[in-house]
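As structure tokens, here come the structures.
In the two complexes that follow, chain A is the common piece, with chain B as its partner first and chain C second.
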Partner chain A sequence: MNFTDLLFLFGFLPIVWLLYSKVKLGKWSNLFLLIASLIFCAWGSGYALLILLVVLFATWMAVKGMEAAPYEQERKNILYAISALLLLILFVYKYLPVWFSFLPVFHDGTPASLRMPAGLSFYMFSCFSCIFDVYYRKAPAPRSFVDLGFFAAFFARLNMGPIGHYAREYDQLLSHPQTSAKNRKGVSLFMQGLFMKVIIADRLSVIRVMLEADRSAFGALVLLFAYAFELYFDFAGYSRMARGIGSLFGFEIPMNFDRPFSSLSVSEFWRRWHISLTDWFRDYIYIPLGGNRVDQKRWMLNIFAVWGLTGLWHGATLHYIIWGLYEGALIILERTVYGESMKKWPNALRHVYVVITQLVGIAIMCAPSMGSALGVFGRVFMIGASSFVSDASMFALWGAPMIWIMALLGLTLWPSRIAAWLKSKTKQQYVYVQTAGYGAAFLLCLASLMSSSAQVFLYAAF
Partner chain B sequence: MAQPNPEVEPSRRPQFSLFSYPVVLGILGALAIVLAVFWGSTLFSGRITSLNSFDSVQGPVVTHVSSDAYPKQDTLALRRYYGLDPNEFQNSAVYRLSNAMSARELVIVQFGDRQAAQDFESAMKERAKSQSDIFAGYAPEEAQLAENALLNVQGNYALFYVGDHPEQVNDTFMESLRN
Partner chain C sequence: MADHSNRKTNWKRKSSDFLVQCFMGVLVIGLLISLIWPDRAFSSLENRPLQGFPSVSFSSFMDGSAGKKMKDWFEDQFVGRDALIHLNYLADKASGSKEIKDVFLGSRTLVGQNKEPQKDVWKKNLKGMQLLGTKSQLPSYVLAVPGAADVQKQKLPAFAPVIADPDYRTALQEIDNEYVTNIDLYSLLGDHSNEYIFYNTDHHWTSYGAGLSAQRFFEVRKAVEDSMRSGDDEEQEEELMRLTQFSALQVSDSFQGTYASKTGSVGISDDVYIYRKTEGEPAYTVRSADGTKASIYNMAALKQKDQYELFLGKNQALIQIETDSPYLGRHLLLLKDSYANSLVQFLLPYYRTITVVDPRYFYGDIDVLLSSYSISEIMYVFGEDSLTTDNSLSSVLDTYEGGLYPAENNEDAPAQTSQTE
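== the complex of A and B ==
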């Protein structure tokens, strides 16, 4: 089930929310949300539910075992055992079908029982967060299996994160009361996310698909922008919807995107893009490796290790690892070569630098292969291009001006500024303006969803 | 030397607990074994890619059918009866009567790519359905045979059989691939 499915929008979400709000669940609230999340998971496939339960049960045994173990060596052995088991599960579902595709069992595609369950990479990293935080004594083990299940598999973030950070969210697992302020915030975030996904990302997807067959230089350039913006609005939209759903159930899910394209450096970009993943790698890989408290050679090695693993997390094929190493190399270059001089550049130039480097990065990540990514870059510089400009590329740019304008505005602070200005002008009536705005946006999204032009979420593939 | 966990004094460690060290490691190990068995059974249940020659696969299978009811046809029979291009396959053999009154037929092909396997599979499914429909009106026994047609597509060999002994033919086919 997806957040944009009509069944979810008009069935699952309102029913679960109404039951949760109207029935006094008290200490059973986490259990109720866990059951709802398991139903949400099982809707996709029975295997997905089975694997989720195995991961949760193994994690639960391990963290309780670590908490009860009297000796450090025993804690460490449990950590190694659970890490090996979870990584084995991740390997079998995510990497084995790609790296061992020559096996006869994969000749006609991956069999259903070996297909990667939706959200595996995300909820498994949430489980690892719980394991590491309990191991390093940053937080106590969850009170019950239910608390752990709710933390890692809450349906708001089961399919595509944001990845949970156990120690930071521990207090909320004990209590996350619903309030009218949280409900209002939840509805706002959900509507904003739905709009970003259905109206902006899905329209950009149409442009992207149209331009994939185009062979002109200008078409390749517009394709790069369409790729990058689609990925951003798709995933940031989803993350905002997830935060909105969390808020509707009283649970605050931290921000996952913070206007990354307004960054002034690549390092800053990665503090603003998919924050839950970069935080995870920083806290559980980069810092234990020594972080930046080591000599420069070791630091560079740490950066490449972290970014190589980040690439590998996104996918099993070579271009993901190349993409990760490319981002790592940029961060190293910023710190060791041109970082200081960059601070003297005008901000506009720094923005251009970030946008160009990230267009290249996203194209490497999103292209089906390294060869096809290089083909797009080549065409931008007229290598292998059939012409400088084509009808399709001009149509892609000028045929849907509202989409490009909304996308560009959506990358900046302007939507918040416009909202603040409206609030100052309308004062008491702002709530009506806001309701009317979200109502109109919802109807627009609904019309788009019902026309079957909605696309799948891109990050679900990871 | 092992360092004690300050939060749990060894002297107060319970005799048996679900979360005691050996139980936790035992459960994690058992989960790994169960998963490995589950994955293993899936991974090794894939299609067989046989190194055996076409004759050594075809020979044992043909012993189950009589040459009167299943005379061998020329290579173009693959195109004539099933609409398949014989050049798409490395080897092929068709056994059936030339008259249209019998549903009985046996086809064995060897192929080198997935497309050929898919083409064969869809052509044979179509064949079984159309034969069943054709015979349904006037020869219910033949229609029943066509309905129970055996189609077995492996890694580089495939078999299509309409007749009285689908199980034996299938077993022999699989055995000849493995041997």
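== the complex of A and C ==
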């Protein structure tokens, strides 16, 4: 089930929210949300539910085992065992069908029982977060299987994260009361995310598909922007919806995107883009490897290791790993070569630097293959381009002008500024203006969803 | 002061509740009405069957197909679905969008994007037409109907990137051989591009567009027959078809075709005309799997969504039309897709029999048709999308004498203009 499915919007979400709000659940609230999340997962497939239960149960056994273990070595053994098991599951579902597609079992396509369930990489990493935090004694083990299940599989973030950070969210697992403010924030975030996904990202997706067949230089350039903006609005939109849903159930999910294209360096970009994943790799891989408290050579190795793994997390094919190493190389170069001089550059130039490097990075990640990505870069510089400009490249801009305008505005602080200005002008009537605005946006999203132009979430593939 | 503060807090709480209550209220009301509202089996707006409530089995639950069908059911049966599709069209238009689902949004008109041509498909189709003409030694005429996007550029939004394969166009122009003649509809319809030759809401040509093409066909046929006739042959007296010999009768002003269904367009509809020969309209019978009828027009279609079914009704594998036309030796085999349906009205007076075959549904042998109906001419009428992406024509042609096409290794050879068998 997706957040943009009407059955979720008009069925699952209001029913679960109404029951949660109106029935005095008390200490059963996490159990209720876990059951709802398991139903949400089972809607995708029964196999997905089985895998989720196996992962949760194994994690539960491991963390309780670690908590009870009297000796450090025993804790370590449990850590190794559970890590191996979870990585094996991840390997079987995510990497085996790609790397071992020659096996007879994959000859007629991946069988339903071996198809990667939605969100596996995300909830698996949430489970790892719990395991590592318990192992490093950053937080106690969950009180119950229910708490662990709710933390890792809460339907708000089951499909595409944001990845949970156990120690930081431990207190909320104990209590996450609903409040009017949280409800209002939840609805607002959900509406904003829905609009970003359905109205902006899905329409950019149509433009992107059209331009993938274009061979002009200008078309390649517009394609790079379409790739980047679509990915941002798709995933940031989803993340915002997830935060909104969390808030509706009293659970604060941290921000996953913080206007990344306003960054002044690539390092800053990665503190603002898919924050939960960057944090995860920093907390559980980079810092245990020594972080930056090591000599420069070792530090570089750490960076490449972290970013190579980040690439591998995104996908099993070579271009994901190359993308990860590319991002790592940029961070190393910023730190060791031009980082200091960059600080003297005008901000506009630094923005341009970030945008160009990230257009390249996102194209490597989103293109079907490395060859295809290189083809796009080549065409931008007229290598292999059929012409400088084409009808398709012009139509990509002219055919949907509002989408580009909204996308560009959406990258800035202008939406917040406009909202603040409206609030100052309308004062006590603001809530009605806000409701009318969200109502109109929701109607547009609904109309777009109904005309079957909605696309699948891009990050669901990871 | 405290009272003021309390009032402010109360108001803040109420106002924050207002947004949430509205949101959840809309969702719950939408759910309830959708559940209560009776399910529909068919959407006349989208011209497609709608998903009914699915049955759930253990296997469909495990592989996820039950969840998917349930989602489809809810979306298809959602209350206000048609209105929302129209709203999406209006919002797209208002925001300056120029395309919805491969349909270009012109000014009060919709123009479909061409399908991406498949080289192996169109090569095989063109080659099959050449080979059948050569082997059967029957005069054959190819009417490849371009899309409106090809010939009515003025209707397109600026920079609209129309898909075209120049190799296909060249091969089509070079298809002519001793028996096969291409009727160049690209030029003909291009010359009339400002006229009502394609529907504004549908991919088909109008009866007028079909009539112009029929007129050109008869001109070319006469030229071909004149060129083939030796000096000793006596020319048979035949009236040359002119569109002016036909009178147009408007039967609808409310046709909303496939593009209207795809986009949910609002305020655009088409007129539908039928053409009858003013003098000398023959009597005829139409035989098909549906029985025998006295008319090629299915007037009941005017009351349904797809009014184009007015012409010959629903798609059928084989239709046999017998007329009392004076041209006794004229027996036409018409291999076609739906574009030909509105062309048949212009052919009736000039053939004794017309055997209409739609290769998408026909599984018989071409030899049997040629001999059973004493075919004297073959005509191919296909939209460019069918000819370049659908291989059903080549499949049917391949039934000729147990296999029309040469060995598999020659399949990729370019279409050639063989002069002799």
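Here are some notes:
Methods note: the second predicted complex is superposed on the first by the 462 of 462 C-alpha atoms of A that agree within 3 Å, B and C clash if a C-alpha of one lies under 4 Å from a C-alpha of the other, contacts with A are read in each partner's own complex, and residues count from 1 in each chain.
Everything that follows uses one rule, which is that a contact is a pair of C-beta atoms (placed from the backbone, for glycine too) under 8 Å apart; a residue touches a chain by one contact, two chains touch by 3 or more.
None of the values given here were measured: they were computed from a predicted structure.
Applying the stated contact rule after C-alpha superposition, one finds that A:Thr435 touches chain C and leaves chain B untouched. In the superposed model, A:Arg272 lies in contact with neither chain B nor chain C. After superposition on the shared chain, chain A has more residues touched by C, the comparison being chain B against chain C. In the superposed model, A:Trp398 lies in contact with chain C only, and not with chain B. Once the two complexes are overlaid on the shared chain, A:Arg350 sits clear of chain B and of chain C alike. With both structures placed on the common chain, the touch criterion links A:Leu18 to chain C but leaves chain B unconnected.
Judged by the touch definition given at the top, the superposed model places A:Asn183 against chain C, while chain B stays out of reach.
Contact with chain B, but none with chain C, is seen for A:Val105 once the two complexes are overlaid on the shared chain. Touch criterion not met for A:Arg168: it reaches neither chain B nor chain C. Residue overlap on chain A between its contacts with chain B in one complex and with chain C in the other: 113.
Within the complex, the chain A residues that touch chain C are 1, 5-7, 9-11, 13-15, 17-18, 42-48, 112-113, 180-181, 183-184, 186-188, 191, 203, 206, 210, 214, 390-392, 394-395, 398-403, 428, 430-432, 434-435, 438-439, 442-444, 446-453. Interface residues of chain A, counted against chain B in their complex, comprise 54, 57-58, 61-62, 64-65, 67-75, 77-78, 81-82, 84-85, 88-89, 92, 103-108, 111, 113-114. Considering their complex, residues 11, 13, 15-20, 22-24, 26-28, 30-31, 34, 58, 61-64, 67, 70-71, 74-75, 78, 81, 84-85, 87-89, 91, 95-101, 157-162, 264 of chain C touch chain A. On the side of chain B, the complex with chain A involves touching residues 2-5, 7-10, 13, 17-21, 23-25, 27-29, 31-32, 35, 38-39, 42-49, 114, 155.
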